[in-house]
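In what follows, chain A forms one complex with chain B and a second complex with chain C.
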Partner chain A sequence: MANLLPSVQDILLLTPEIIILLSGLLILLITPFVEPKYQRITPSLAIAGSLLAFIASQSLGAGHRVILNGMISVSLYSAFFQNIFLIVNFLVVLLSLTYLEEEFANMGEYYAMLMFATLGMMLMAASSDLLSIFLALELMSVSLYILAGYFRRHSESNEAAIKYYLTGVLASAFMLYGISLIYGITGTTNLRAVGDFIGVSGSLARDPALGMAMLMLVMGFGFKIAAVPFHMWLPDVYEGSPTCVTAFMSVGPKAAGFAAVLRVFYVGLGSLRLEWTVIFAILSVLTMTTGNLLALTQKSVKRMLAYSSIAHAGYAILGLTVAGTALEGAGMSSLLFYMFSYLFMNVGAFAVLILLRKKALTSESLDDFNGLAQRAPFLAFLMAILLLSLTGLPPTVGFVGKFYVFGAVIQVALTGNGFYGLLAVIAVVNAAISAFYYLRLLMNIYLKDGAETLTWRYSHSLMFVIVFSALATLYFGIFPGSILSLAQQSVKILL
Partner chain B sequence: MLTNYVGVLFLFIFALILPALMITLSKIIAPSNPSAEKSSTYECGIEPLGDANTPQSMHFYVIAILFVIFDVETLFLFPWAISYDLLGIFGLIEMIIFIVILLVGFIYAWKKGALDWVS
Partner chain C sequence: MLAYIWLIPLFPLLAFLANGFFGRKFIKHNAHAVSIVAILGSALFSTVAFIAVVRGATLHHNVYTWVFAGEFQASIGFQVDALTATMLMIVSIVATCVHIYSIGYMHGDDSYYRYFTYLSLFCFSMYMLVLANNYLMLYVFWEGVGLCSYLLIGFWFTNPAPPAAGKKAFLANRVGDFGFGLGVMMIFATLGTLDYSTVMANVPLISTSTATLITLLLFLGATGKSAQIPLYVWLPDAGEGPTPCSALIHAATMVTAGLYMIARSSALFNAAPFTLTLIATIGAMTALMAASIALVMKDIKKVLMYSTISQLGYMFLGLGSGNYTSGIFHLMTHAFFKALLFLGAGSVIHGMSGERNMFVMGGLKKHMPTTWWTMFAACVAIAGIPPFSGFWSKDEILASAFKSGNYIPWAMGCIAAFMTAFYMFRLLFLTFYGESRVDEHHMHHLHESPATMTRPMIFLAILALISGGVGISWPLENGFIHKFLGSVLANQHHGSLPVTLEFGLMGFSVLIAVAGILVAYLMYIKKSVSPEKVAGAMGPFYKLALNKYYVDEVYNFIFIRGLVLGGGKFLWDFDAIVLDGIVNGIRHLTIFIGNFSWNFDIWIVDGIVNGVREVILFVSYLSALVDGNIVDGLVNAVADGIGYLGKGYRKVQTGFVQNYMLIMALGFFVIIGAYFVIL
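Here is the complex of A and B:
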């Protein structure tokens, strides 16, 4: 029984998570007690919490420790993802401030749920056991279901919440079934132990029950990262949710999903890599192509960004397929970098949608942005940077992210694997298709004339988020070295 | 390896056939002559008083969720109490953290008026 006891050092490794948990609880506790005119105290607490946790996670050091009976492994890998989540949390709190006040929905519960969702994502990235991954996933998902339906007076928001909930529960059921099959076969849920068990008994890798378990896990995680054909919930949920929640959902849960997928499939099911690389390759082709082709036909900017986020998940899955080959390190680090690059450009683009929006909750169409450059040259310039980054053009971080993912695929192709050559060609064609709809919006902004149809909702915090995202997009596009080497070091603990 | 799963396959086929058989057989064998009296809602033999689809107060659901808070609390307190001597001070601290987190939710619900019956 003595081994149950975690030491003080082990608990201290969880400082960022504990800070986020405490700030979430504190926000929930004081929410009913604060007067409406002091309502801004809760977002301030949320910002303070995420900043403190960010500082704490920087000071943890580079060591790799498995704690709490193998449930949690604290390492550079988990720290890399936790930094992504904390930055998203910080930016989204700033985005929500004035947006919620204008919609008369600025309540502490929103920030508490945001903190709990962030906690779930952080634990998910640090989990090294199927059970703790599942628990963290549920903590994240349940908070997000509530956030999606946060504008409870709007039917779209309700629709988003119920759709997200039903598909999310279905995905969780699949995932649990897969986990239970794996437990039945190997007698453990610890990912390292599962991997060792399957690796030692060579014949087990051909076991149909194990194949079934793998498919179940692919389906469960496929829903969470919105890979086609498990994507059908995404456009409606992203469009119906409050825009600040959409910005959060399009980055955080996706990165958390990829963090867990990489661990589960690479560490736990490493012996089945021949099978899952093929599955993920097919998923990635379907996801990229469907996302891009459907984004082409969208009239609403928010819905277009929703479909484009499906396409971006497709590019990221490419990194996953490379992780199953001999160049596993390159594949995984390119996936990590892609998640990091996606963070700034996407949050920034949604921030522009919050700054410039219609009076009602209806979506802003592409034509509403006509002639924006004449009316607001600075904002148009920032939006141009973000759109160029989403397209994947230099000198932005989106280009570097795509460059390393595609580069990893091409490297595998150069070792004589024609299948990956085909993948690379499809990916590049897809990037070209995506250029059409991003640049069409850019063309509307710069080349067309149009009257003001959107309402300006300027606030300093919103402008800060947009400028910050655009600057980060440019900075890491020109100097990607530090993050890239961090990503390469992070994945070493999985190798 | 696949031969190990022949039993599962047979069970699967059996599970498909059996309910289909039962449903079709009861369709064929059972006599069917419905009347207005027969197809009306059964309410313990009394005449139905009205539609059951009436709006319910949201408060019932809030109370149900509050019940779950305490239910889960006891659910975890019992096993801890039984193996208290094994878990020692570590278990005590764990349970205190657990109860404090639940308590925050409870204070929130209380202050929000979830316990006031008429509002």
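Here is the complex of A and C:
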């Protein structure tokens, strides 16, 4: 047994996490003592914390170090995801600022919970042990349950929280059962050790108990990344939660889920890759098809974005299926890039929904956006960029993300794997279907005439988020090279 | 050694950004200072680079990998060798002159800053075009210079003619660029790379038929950009733009991009003899045809535009004869004297308050002495009078055509040389000599142009007279430029002619040039030969030339009326509103972020938004069609046709959390069942 006390060097590697933890605790501590007129202190602390953590994360270097008895592995891989989470955290704090003030819900606890959820996600991306993954996931989930129910005077918000909690607990139970089965079979929860154990004893791969354990993990993580049929909670929760929380949930926990899934299945269950690639392939087809078809029938924009986020998860799972083939590097890096690309366009789109809304949690319908281009040409233009990116049209980052995921699938298909050829065709058809509902919203904005039914809730911070997202969408759509090579570097530690 | 090379395009880029973002509100009528400082910086570093290359330095350096897609990797990278250095010098010299000249010419224009914004953007694109080390970058900036060209042709967009000319240039270039793009793709498909040096090193691996196909496609691109038959039609109309930009873009630099591309790919073209013969033939035909039209034009700028097409034809004749150096040599001398002719014409038009018809000028010599003598210098240079620059380069092209066995193109080139001498001196005589035909009103305003305009002309006049010196040598074709460019261009050597024949050809060139001048003198100064009678005697030929061989009408009938009428409006709206709008819009986006406030200028955002709206209207129109027919059908199909799926799903989403958990569990058991059944 290694020394139980971590060294100072090990602790320093966790600087970003510690900064986030401390700022969350500090927010919680000072909240009761802050005068109402200084209430912006807490979000300022949250922003400062996430920026500091971001800077600290950049300075950690490119090495790969396993610390805390194999629980945590700090590497480019964890840093890539942590940067996504910190950017999301930063943008969501800015989104929430005026929104919460206008809804009279601006309390420090919100920002503290946001910080704790971010901490959970960061640890999830860095964990290399089933137990630490589970603990981090629970830290994230519990914070999110609270955030979903944050508008406690609105019944929709309460409903969302309780639904999320109950279904989440079920999924966690399955996952924990799977973990315990794996521990029973292999005698360890460390992913490398699990992978080595299964790899050494060749017959174990066909052990039914191990198969059972794998499927339970599929379900547990499938819930977090909202893969069909474990997605049922998502539309209700996304619609009922405060919109800023929805923006956060649609990006952060999903990316964290994918970070953990990639590690658990690729490193821990690598010997079963033939099995899980097929399962994930089927799940991805179900997920994107269901998400797109149901998004097509929605009248509420928020619900449409909720279903479309299911569809996006489906595309991302495609990257996972490629990770189980000979082109594993391409599959994993395309998945990482997709997560990055999804960040800006989705947060930006939700920010537009916050800027232009009815009161509290009433749903904005597609028709509310009629003629927006005449009333607010600049905002309509930014929304157009974000929608084009969500559709996956150049020169936006959404195009590049889809391009690399689909490209990886097609490369596998070109090696003579007809199954992947079929996957590619289904994916492209799905992308075409998604164009209909995104462009329909665009058509409402630009072509139809309509009266002002939404209230303008302009604030600098909101506009900054929208402009920032739109610019990032364009910038990384035109210059994807740096992020792509970073993603390729990052997955090397898993290979 | 050449590590600073990225500075050359950086200066104009910064000037473009500065003028683009802050021009309208802050810089205003000081926009020229920003652009001129930038171009001087670029010119300085170009000169340093040129000297370094003369001393033997070269550079091939990838800066950034732009696109990864499996096998395909596209880089942003620089290559500097003798050809690049030569082009850098040409661009720098002409661009500097044009920048300074523009201060006077564009003085008082409402969109002064916008003009310099476009000019800097053009210089940036042109530098990047010649510095690129691969075909993809070449293609990108090939389109970049094209964009600046459309923007500048349509610069005075409130009149109807400039936007129409811009549209024509856009359409003609689309055809050529389509071919160019296909050619680039074929190179990649054949060799798996777009890097110049790798492509050229692997040329022996390509079969002749593939090389022929690739080079034909590339040449199609060159006919568009460098205005050759059949795509030259856009260039004469391009004169609708401000005259200094015609000098820079449509005479000296952008239109030579096609030649540069062929010279850059010389090893590849050598592998395709058929293409080379075709290039020589097309070049000679263009030279002759355009020269014959220039004989009868009345508009001073039209004469120069057709003259440019004709001279570009010569350059292609040189390339097609396998003597790439001669093409680039003529490109250089032509850049100086033709830019000078355009600047001179601009000076005349400026003095005549916008009048372009030569038949209402005359006798301007005493009013505009500097303009007169600089244009005179340019005319002797282009006409091919030794020892001035045009003589050396043109004679070398004709000699190589003769040597490579292209006798008919050679003969056509000789006839065109006669015409060139004639129409240039016709222009000179009609404008500056004889009785003044200027009316009272214009006479009142007639003046010599300010020093900012005449000084660049004097500088170019000196170059037009002496720049041929870099190619003079004995034995022939062994001058500085031949040794310099010979190291990078894969010239074909057809042996040398007997010395007497060499001198015979040279003497013949001089003879026809002098004959051309003499005829012009007899017609327009001595008036012993009546132009009307000659025209009458030539009858149908005169009418054909006067009507530009009816090419516009034929194209209009076949393409415009047939194919483009519907799409044309869309393309034009795109060009005028989106491209313009994007430039303006980006500027305002930044001002907006800078102020971090809501009160940004609605006026410009309207521009960009309207532009985007045009595009989105189109997309949305399609989408509406799709929405009405396909999506509704699809939704109905989902809801009704596959009712089980659609309605089933809707029903499944009951809102009861116990149902959700049931479905999760059911899904889990279905997967587990399937897993163990299949296992």
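FYI, the second predicted complex is superposed on the first by the 492 of 495 C-alpha atoms of A that agree within 3 Å, B and C clash if a C-alpha of one lies under 4 Å from a C-alpha of the other, contacts with A are read in each partner's own complex, and residues count from 1 in each chain.
Rule of thumb we're sticking to: a residue touches a chain if its C-beta (ideal position, glycine included) is under 8 Å from a C-beta of that chain, and two chains touch if they have at least 3 such contacts.
Predicted model only: the values in this text are computed from it and were never measured.
Engineer: Please work out whether A:A171 is in contact with chain B alone, chain C alone, both, or neither, and reply first, second, both or neither.
Structural biologist: A:A171 sits against chain C, while chain B stays out of touch.
Engineer: Count the residues of chain A touched by chain B and by chain C, then name the partner with the higher count.
Structural biologist: Of the two chains, more chain A residues are contacted by C.
Engineer: Once the structures are superposed on A, label A:L29 by its partner contacts, choosing first (chain B), second (chain C), both or neither.
Structural biologist: The first partner, chain B, only.
Engineer: Examine A:F223 and indicate which partner it touches, taking first as chain B and second as chain C; both and neither are also allowed.
Structural biologist: second
Engineer: Touch check for A:R206: first (chain B), second (chain C), both, or neither?
Structural biologist: both
Engineer: Identify the partner contact of A:S7: answer first if only chain B is touched, second if only chain C is, both if each is, neither if none is.
Structural biologist: neither
Engineer: According to the stated criteria, A:S59 is in contact with first (chain B), second (chain C), both, or neither; which is it?
Structural biologist: Touch partners of A:S59: none, neither chain B nor chain C.
Engineer: If I apply the document's touch criterion, which positions on chain A are contacted by chain B in one structure and by chain C in the other?
Structural biologist: In chain A, positions 206, 208 sit in both the chain B and chain C interfaces.
Engineer: If you look only at chain A, which of its residues touch chain C in the complex?
Structural biologist: Residues 162-163, 166-167, 170-171, 174, 206, 208, 211-212, 215-216, 218-219, 223, 228-230, 232-233, 235-236, 275, 279, 290, 293-294, 296-297, 330, 373, 377-378, 380-381, 384, 403-404, 407, 411, 433, 435-437, 439-440, 442-443, 446-447, 458, 460, 463-464, 467, 471, 479-481, 484-485 of chain A touch chain C in their complex.
Engineer: Tell me, which parts of chain B touch chain A in their complex?
Structural biologist: So the residues of chain B in touch with chain A come to 1-2, 5, 86-87, 90, 101, 104-105, 107-108, 111-112.
Engineer: Please output the residues of chain C touching chain A within their complex, sorted ascending.
Structural biologist: Contact set of chain C toward chain A: 64-70, 585, 589, 592-593, 596-598, 600, 602, 605-606, 608-610, 612-613, 616-617, 619-621, 623-624, 626-627, 630-631, 634-635, 638-639, 645-646, 649-650, 652-653, 655, 657, 659-661, 663-668, 671-672, 675-676, 679.
Engineer: In their complex, what parts of chain A are in touch with chain B?
Structural biologist: My answer: residues 1, 4-6, 25, 28-29, 31-33, 203, 206-209.
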